[in-house]
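Order of writing sets the labels: A, B, C and D. Residues in every chain begin at 1.
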């Protein structure tokens, strides 16, 4: 089946290259490669990757024009992301590209630029149990997911997460150590859909779990829907015909009657 | 100081009348009396009570006309509340009266009638710790409340709570047994503000805690703001001058020009 | 192509049966028949109709169980709709059936029961121009619709429409006589999606317009999405396996440790 | 009465300094001076001004620390606003300062930085009638305002305004030439409240109208509420004690039991 949803997985790809580290053990080719391999195995999805060290961080205008939904994993390298690339990605989201921000991407420049807040939170590395409660069982993102996802050991992310009130909270997490977190949230900016999903610390094999991968696949289809259908309808760059976001003089005078 | 916010606390008043029970021990005169006594001690608040067994459940047209915010505590007596009284309360909320629904009031007729859903949830009586995380520290309802409220032993209420997406989630609760709950939520219906706050099981002395009472006092001021200021401005029933919610023919033809 | 979205169009069917009237001229077999004929012509949709005068208003448990999205057109017959049927439809929406409420259906019992407000508005029959501005060009409901829809002559519906803040406003209408109206709005209640769309007075051939029909087809797919995919996955009634909205005791004790 | 709400009115102050121009005729000392004079005449408000040409645009750390709500009027000078000052203002809003953005401020850097979108719109200078419909008659911002405000001649601002779905739409405008506009919208970012209000083109005496000034006064109280009460409670800078928005390690281990 020909791919009809184009996914690009971006990763700073720093942790996983440190020899002997847990991240390398879990994701020998990087988190991006693991996710892209999964997406490519799904009918209707064509996946590629991009990383910090590539020219333009791998996010050239051509790559983005061919992307319906961009996944973003970053952590210690946020400051190394070029502001010009952040602006470019932001423009594409506003014009209709989907964006899925993962885990520590809560502090990525692109997330803060689109949400407007600092997106700070509480955290703790205590190897504790997390339970994600599905509070939107009818949402496309939770298709095939039951009422909860249990992760035996994970890093804690806790409220208050400094985000604007989400359009919809999809998951709320419970942590063994006493915290809660809005672990799945949707937003819209311009014509683009955004999903934030917090599971995915680099020292846990979270992205090998079928349930987590199912959420991410659902999220790809949901966030990329507008771009993918526009691509299908136009046969090309889903955002090339977009007038974009410009101030526009409107000549409308529908009644055409002289001022009385 | 003359009272300028009129609070009515409604309680089904069933549990607390059972001799030898825990509720009677904790609230010898009923939950309503405990709450009203607190509110009456606050500057600017005039409080009264109403209960299920009174004529018209104590919620006559006169009482409601003199009420800026109504607190509602019900549990085993939901079905005994007269539908005509529910309609009357609903009309007042739509016209601008505030409503604060407490704990098991999540299943009260009035709450379901205003929200449109069944408001079901998970629950468990296991005497467990609850932590309410304050995720809206700038909201008037959390004035003077820190980042969390800890309740050592309480009944569990858990998601999925079948409510529409709230206007704003104020508190999210963590329960020792693995559940989470949106324990403080705001809604608007018509001109009325609604706050749902889940702490308050009848077998725990929750409503004797200063922090919980502070939340409720804040909520009274927030939910009753429109009604109280309208009362102050009109010197009488804040909703008597209200055209109310009626279909209305609009004569506007602002340009006054003949159809071209 | 086999139908995979089941649409039921409900109409009170009163105006169009009055001999010599404009509605009969425009919709000789009723608004429901006109809409159902259109839907049936669309790939993937199977449409049926139901009207007020049929037993149970045509909305038996069997019909609803086989419906993914219900369209509702009512006006002078709102009071004649049986409360038991309203409760049945409401239950289905809460369990995941889509609902599209048309024009004067703003005052239908089912709409008020789900939204919680009275849904009153301003109106005027002055045969005036309406322009619907599309403010959500990326939403599935506006697929294929440009930046505005112009209706040369229509009844005016104006603000303030007494509805809760919508999840999303899709269209805002301008009327020649000086009014504005949120003419396309989305809501969610329980697991069900709701779309209100105001065009469609019975004396204008609104539902024969390709652009309006395109909006309604889009709305059918959007509102019925959850039900239709659940039907496809289960091969039967999309809501039969639904635990439904019930209070449920939760046994979770994930850590299983003795109270310290 | 001692001032207890500190308002700062910022204006680029360009149009009004052009000799012989309409803006100078209407606002001889600038829009900021006209607004500040009005605010200063209101009980409980202390107002000051700041303009583009002052050092640090008049928005020093000291001025902002002493500001509960900042009004922003800009148009042709958006690009001349220093990015460092924009970041400073943004930090204050996230920490709880109110912000009211006026008219052409829709394209100001600070508004785009907080909302995340480009905030583009349609416009037309055709000297046409505008009617603002009040769709939130219970909101503090519309206190004392009737169901509509009529402006006989104004510049047109029309949809689609590229903003995220507002928390609440307060006013929707009708324009003689066929357009509509969400002319009053509320947002929250961090702990700060934001109100966008579109009336106020520099060639019309909009800010001399009592009804418009009433809206702005109401908006000042609404947006500055958190900062003003915090100032009153702390007796100083309402945001100095603010931990601010930082990632924070949380030591909570409430049950203190060994991992089972």
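Here, contacts are C-beta pairs under 8 Å (C-beta built on N, C-alpha and C of every residue); 3 or more make two chains touch, one makes a residue touch a chain.
Predicted model, so just to flag it, every value in this text is computed and none were measured.
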Legend entry - Set of chains adjacent to chain A and to chain D: B, C
Legend entry - Far-end chain from chain A, centres as C-alpha averages: B
Legend entry - Between B-C and A-B, the pair with more C-beta contacts: B-C
Legend entry - chain A and chain B: spacing of chain centres that average the CA atoms, whole Å: 38
Inset, instruction - Could you tell me the distance, in whole angstrom, between the mean C-alpha positions of chain B and chain C? - result: 31
Legend entry - Where chain B touches two or more other chains, by residue: 131, 137, 158, 165, 167, 178-179, 188, 190, 254-255
Inset, instruction - Spell out the part of chain D that touches chain C in their complex, as residue ranges. - result: 131, 133-135, 137, 147, 158-161, 165, 168-169, 172-175, 178-180, 182, 255-257, 260
Legend entry - Of all residues in chain B, those that touch chain D in their complex: 96, 129, 131, 137-138, 140, 143, 150, 167, 176, 188, 190-193, 225-226, 229, 254-255
Inset, instruction - Using the touch rule from the top, collect the residues of chain B that touch chain C in their complex. - result: 90, 94, 107, 113-118, 120-124, 126, 156, 158, 162, 164-165, 167, 177-179, 187-190, 245-255
